[in-house]
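Note that the chains are named A, B, C and D in the order they appear, and that numbering of residues resets to 1 at the start of each chain.
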Amino acid sequence: AKLWGGRFEKPVTEAVTKFSESVSYDKRLYSQDLKGSRAHCKMLAAQGLMTDSDRDTILKGLDEIEARIERGDFTWRADREDVHMNVEAALIELVGEPAKKLHTARSRNDQVITDVRLWCRDAIDGLLERIQTLQVALVRLAIANQDLVVPGYTHMQRAQPILVPHLLLAYVEQLDRDAGRLRDCRSRLNFSSLGSCALAGTGLPIDRHMTAKELGFSGPLRNSVDGVMDRDFLLELLSANAIIGVHLSRLAEEWVLYASEEFGFITPSDAVSTGSSIMPQKKNPDPMELVRGKSARIIGSLTTVLVLCKGLPSAYNRDLQEDKEPLFDSVETVQGILEVTAEFADNVTFNADRLAKSLPAGHLDATTLADYLVKKGMPFRTSHDVVGRAVAVAVKEKIELQDLTLEQFRALDPIFEEDVYGYLGVTNSVSKFISYGSTGAERVAEQLEYWKERLSQ
Amino acid sequence: AKLWGGRFEKPVTEAVTKFSESVSYDKRLYSQDLKGSRAHCKMLAAQGLMTDSDRDTILKGLDEIEARIERGDFTWRADREDVHMNVEAALIELVGEPAKKLHTARSRNDQVITDVRLWCRDAIDGLLERIQTLQVALVRLAIANQDLVVPGYTHMQRAQPILVPHLLLAYVEQLDRDAGRLRDCRSRLNFSSLGSCALAGTGLPIDRHMTAKELGFSGPLRNSVDGVMDRDFLLELLSANAIIGVHLSRLAEEWVLYASEEFGFITPSDAVSTGSSIMPQKKNPDPMELVRGKSARIIGSLTTVLVLCKGLPSAYNRDLQEDKEPLFDSVETVQGILEVTAEFADNVTFNADRLAKSLPAGHLDATTLADYLVKKGMPFRTSHDVVGRAVAVAVKEKIELQDLTLEQFRALDPIFEEDVYGYLGVTNSVSKFISYGSTGAERVAEQLEYWKERLSQ
Amino acid sequence: AKLWGGRFEKPVTEAVTKFSESVSYDKRLYSQDLKGSRAHCKMLAAQGLMTDSDRDTILKGLDEIEARIERGDFTWRADREDVHMNVEAALIELVGEPAKKLHTARSRNDQVITDVRLWCRDAIDGLLERIQTLQVALVRLAIANQDLVVPGYTHMQRAQPILVPHLLLAYVEQLDRDAGRLRDCRSRLNFSSLGSCALAGTGLPIDRHMTAKELGFSGPLRNSVDGVMDRDFLLELLSANAIIGVHLSRLAEEWVLYASEEFGFITPSDAVSTGSSIMPQKKNPDPMELVRGKSARIIGSLTTVLVLCKGLPSAYNRDLQEDKEPLFDSVETVQGILEVTAEFADNVTFNADRLAKSLPAGHLDATTLADYLVKKGMPFRTSHDVVGRAVAVAVKEKIELQDLTLEQFRALDPIFEEDVYGYLGVTNSVSKFISYGSTGAERVAEQLEYWKERLSQ
Amino acid sequence: AKLWGGRFEKPVTEAVTKFSESVSYDKRLYSQDLKGSRAHCKMLAAQGLMTDSDRDTILKGLDEIEARIERGDFTWRADREDVHMNVEAALIELVGEPAKKLHTARSRNDQVITDVRLWCRDAIDGLLERIQTLQVALVRLAIANQDLVVPGYTHMQRAQPILVPHLLLAYVEQLDRDAGRLRDCRSRLNFSSLGSCALAGTGLPIDRHMTAKELGFSGPLRNSVDGVMDRDFLLELLSANAIIGVHLSRLAEEWVLYASEEFGFITPSDAVSTGSSIMPQKKNPDPMELVRGKSARIIGSLTTVLVLCKGLPSAYNRDLQEDKEPLFDSVETVQGILEVTAEFADNVTFNADRLAKSLPAGHLDATTLADYLVKKGMPFRTSHDVVGRAVAVAVKEKIELQDLTLEQFRALDPIFEEDVYGYLGVTNSVSKFISYGSTGAERVAEQLEYWKERLSQ
């Protein structure tokens, strides 16, 4: 029988039972739920709301239930609705009368959100670890290709030469802010809802500070209505995840392009490639395509919970049950894309030869040439125009800028001198960068040092 | 071994295998996949691309595989990636050499989308049936409460009296357009991708019209690149579903409010209510809260696939694998909310007494009073102002409009006569409506007749 | 003074006025609003609810207001809230007493949605025209490059050779379904809400069929509550737009890649390119980047209105005012991306030389080779494996498949004969396609004929 | 002429110009753009990249341009694309040659994101102020109604009695976390992109630390590619805004319900209400409906920018131009809903009489009764069942729990004694709450004290 059936005369229909149950997915909160129940039980005993003997019986029962669950020997029942009722009903079956005291001064409303907070806390810790693993993989890849130059793009058009480590560190930086967001979210959510009960608190002499401490929370939330109604911490986590998804979708897009015949900058190993059922020659960078694709579901999960919460009256509404699947899916997906991207980074080779052959195209040295003119005293806007015309000549003649004769340069402006050739060609060009944060070799080496130290802490 | 392993030297890592597999969810396409394979196989034989004997061997093998799947005797293997490869590899194990001919002139690219089209077609048929069931339930509820008046609201403020069936039929109309959208989507998607192969078609003499006909499609798609790259039919279905979700979320909101202490207009039976783990008096209309909440995930699924497809280069990209889970989830969720709403409608009682007591409040007859003045020849804008001032008097005196004396009315404007009282009070007010589509009793009866006939076809 | 101020004693605050007004954006409905008012006015006179003389006065006044608006001589006032109240108040100022009869048997609730339906109908017509323009531009581009081969990609890896027109026609097909969705939406929305009044209809003897006919609607909606509460037609239009956005974002991505140094398949003319403020050599395909980017806001607008409507109680709620800005933005943006994509198509050149040089890479002929083996009687799955190993040899030796000697082929399988070379190389490969909808030259020519005829109707 | 036209031969078409321009909306960044230019200019002079005299000329010119803009005397030109080019071109016209040096070691890529960071910083400060204003308004409203009891709801069913200030403080808590999110976002975004130039940094000897300091940033970003490519700070701000939107949509829903005839708990003053064009009696809480509705567009804006950034290759792509309108709209909308909600709070009266009459319904004291039994030593689960049956009796007899006789209670369980009546009735019930964060009068008073102090700092 239901644990809440006192005033009910008829059972709910099977269709409604099936539609309403959450145990099929919220059972994954069992560990957090048991942790919360243990803390709650100890507190009830400490406050005289149950005897020490009842407490010990319950704690032993909870241990037994955990053991059964973990060895696959626990029957989850849909008619018991959710993880909380399944555990409580099983406990009553297991240890009898004392178990009926466990739900004193507690409601599923505060219980579930306590479970979810604990789950999110663990989830964030797992995500932070995976972020660091990926950062390490990227730095390792950066070090392995420290002197390699790739074309830098804007608008997918060749822009300026950049060092491979410089590009990879851009993603390390992004991941660093991602970690910061997760840490901020963790601090903000790490407060205890337990003891908010249904929504108003309780008249029983509970000690919310004790349970909060027992569960590793910074303290209890200050308002019981807030304690059961808000899901902002979950939205914050889903948002942070969505931003990670966007970051990795961009890296994925880049690597998918790099792995194409046309770019040919990287070769993923067989270990991270898949083939085609029809085209025998294909070797596809599927993991990164899936990373890009999975960013969509991370965004979708965020959307779901925003829509879910929008316009709900206070305090608890059953709609909120629907917050869990998108949460679980988002966290799992982000775990997956972080892991697989790191694995891909470990299994990718930059093709130095192909890059070397590719670099002359696209006038990557044009801006360096404009800077040359600026150093000679020409206003930048004028130099931009002069170089623009030099590029037009080169395009017309299908040559590179360094192939223009000094006469051709001087025909554009007499300011050019022989030393211009020290600024042309990709090798010269990339060597000229010096500003803080730029792609200059020394600057990049400094940054690599910084990250090596940061990540080895 | 993989079916595509010819040029590969190393196996993919376990993490990538787990990350990339889709068989854990696309196995639910098995029936469509087998159907497609049968049609393809027959066509290959008819076109001389395999012998009749090979065809028969394969068809028998496919039947055996279907039987095994349906009796739970088939091992789905993640290392075989997806439903297609699982079936094909099992078929090769089962019948040997002939099975290796089945994938002739076919790619997973066109195979999967053919499966999905077949699945969507079935899904739409199932949704259309459930829409009709819900319409019938609403019409039945309307008939059972044909003469009952509820306050009509705008801005959640009492506006005008309306008949219960009038309100319920508004949702029947919305569901009717929902069905129309689904039917249009079905027609548009009912074309065959099969034979598009990887993306370019094939040089083998296949007959795409034959497979299209065999599978019940209107014909083959005209362009093979389009055939493998587009998911617009899926987006169209997800959009239609999202609109259904929005419609039912509004009905759900209304019924949740109606079931509250404050409104008290309806009482759901115990069969569709649930209780509280802490508050013994609670009887909650959870199914409708979940209907409202689940609209969020339907919207989220649409968002996911829109984001997924955005900016993908042609033709097939692995990202597209991610289209299936949101599709399945959206369809299942919409099935669920349609069913449960119908069940709720069958288990709800309108509280005539409570409604009768409630109706006098809120000056629901004010617009009818304004219409009275219009009939007397007063311009509407003036009558609106006069009645506005009459309401101000009633509010001040805490009485109803029908309690104002004729003197009080005439003090506002001498146009009022004794017959004004025939327009006041909710019963008088609601009886006055006559326009097509209005809440007038005759109009509503006509509409009920219309729907009874439509829905019994 | 407000037109609804009868029972109010204090004016609303300035902040609320500013926050609540919609005239700053809904004034763009003025033409539809006037059209609706004219039809309503004629009907009121025909039904004896105003005199013919009042009708003529009002119609003349509405013409004068339209003239003033169109010559920029009309003052839109935020304190009059919206387009409806601005027009009505101005009409009263202009023609006096008769104007006070115009709002008889009408509410802003049915008025606004009638305006929006009319606006959407026009908007769809405009979108359909632009879709056709883009289809024509794509077909023109296809004809201009009828024999040109490009690599076809899956997973951004070279897959099979395809004809340029074949690829372009894939988008023409997609646009065709887009147009179908818009037409279905147009049919479904083309019903009249007018006469639903606030939500319940009216007691005055109006003729809704007359106004519906006058305004070109298929008829009046059958239920007045439905008539004011639902926005599904708008969601359907926004969904159709979102799908168009996704389609064009994919074409945009493709063209941005094609315009890169690495692909180099197309060159956009200066007329559709822009430069860089710092890098003098840059020529960016910005319009297509913006087409890709703008798909985001089209999706965002759909999300907005879905979220907006979710969970609203019936019938009209002020929230719904927020439906208009996303609607206008979505339609304008889709108009823009359709136009600019057509313009880009008109200004782009395929680089035949560059393509010719590029085609040998990537073993685009591998599937054709597998088909060759199938024609020789080898089961496809075996041929896939054999060709896979042939590709492995070619990759190792850095040669093309056609460079393998017959001995090398026969070492893989003795089935190979001299005629294999007729299947190798891109030209041979593409010439082999014959299936319906494939990239075979004849098939593509048929499709071009089909579209030329379709689009010239 | 364009400032980047050197290599171009033809101008862009008018349609593309109109489609691509951003000045119509990014001109609102002018103040940030000028600030950035001033800092950049001073740094260039300090580093010897321009003379002090050029610097002074430029600074004077920038002042003049600002003055012109602010007095409406500046012509924004769409053919100059954006705010940056408009300002630079105007500066060249104004002061001539020296102005051509301003763009030295700068690109629009780093310039625009610097502007946006500065704008966001200001925007956040403005939002934080408005959050505090709203918190103060809510606390003020709480104090004015310190002893008033409202029914607390879960599932929109009456649950337990709560004090009005307790409910209001729940929202104050939520706003507090909202402010925390904004502050974290502010810290994280407050780094300088300036000097990232196009994407690679520069070869000119600039001082990025100097410009960062001058602009109030914590320092320069460490990686120039990251500096121009990422929009995560913007996504973080949009997410924080979306959560605020969700919070206020819930408060709005609550107040809209409270203002209904059925609840009648609050009366908004005329100053924040609006009327109906057709129904003279209506007084609608429109501002709160719009607050609820506007949460949709805040969510939509977040979706837009997530979709926008998804899958973009590094570094700058023109798509990113589309980030600004959703940013501006989101911030403005959140400003608006914060302001208007505060104004509404200032203009709302709780109806003590109506509440008093309403409270007896719904058995709000049932949980307190269960707690009574727990205090008597009964296990909670048993007491829940006993009270459930007591409620069933009360429902059947249509009485309140306090109307049951002691005999009736004892028939359910002999544990009941005379003192049970001290726990029944709403007044008794609410007085029993004592737990930290509960609705007990002392607990709530403590919290009010806490907030009064916090908010007066």
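Throughout what follows, a residue touches a chain if its C-beta (ideal position, glycine included) is under 8 Å from a C-beta of that chain, and two chains touch if they have at least 3 such contacts.
Everything numeric here is computed off the predicted structure, so don't read it as measured data.
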In this assembly, which chains make contact with chain A and also with chain C?
B, D
Could you compare the number of C-beta pairs in contact for B-D with that for C-D and name the larger?
C-D
Between the Cα centroids of chain B and chain C the separation in whole angstrom comes to 23
Averaging C-alpha coordinates per chain, one finds the centres of chain C and chain D separated by a number of Å equal to 32
Considering chain A alone, which of its residues make contact with at least two other chains?
3-8, 103, 109, 153-156, 159-160, 197-198, 257, 275-284, 286, 289, 292, 295-296, 299, 303, 306-307, 310-312, 317-318, 367, 384-388, 391
Considering only the defined contacts, which chain B positions touch chain A in the complex?
2-13, 15-16, 19-20, 81, 84-85, 103, 106-109, 197-198, 269-284, 286-287, 289-290, 292-297, 299-301, 303-308, 317-322, 325-326, 336, 339-340, 343, 347
Name, in rising order, each residue of chain D that touches chain B in their complex.
151, 153-160, 256-257, 259-263, 275-286, 289, 303, 306-307, 310-312, 358, 361-363, 366-367, 369-370, 384-388, 390-391
Name, in rising order, each residue of chain D that touches chain A in their complex.
3-8, 49, 88, 92, 97-105, 109, 152-156, 159-162, 166-167, 169-171, 173-174, 177-178, 180-181, 184, 188, 195-206, 208-209, 220-230, 232-233, 235-236, 239, 242-243, 245-247, 249-250, 252-254, 257, 292, 295-296, 299, 302-303, 306-307, 309-318, 367-368, 371, 374-375, 379-382, 384-389, 391-392, 395, 432-440, 443, 447, 450
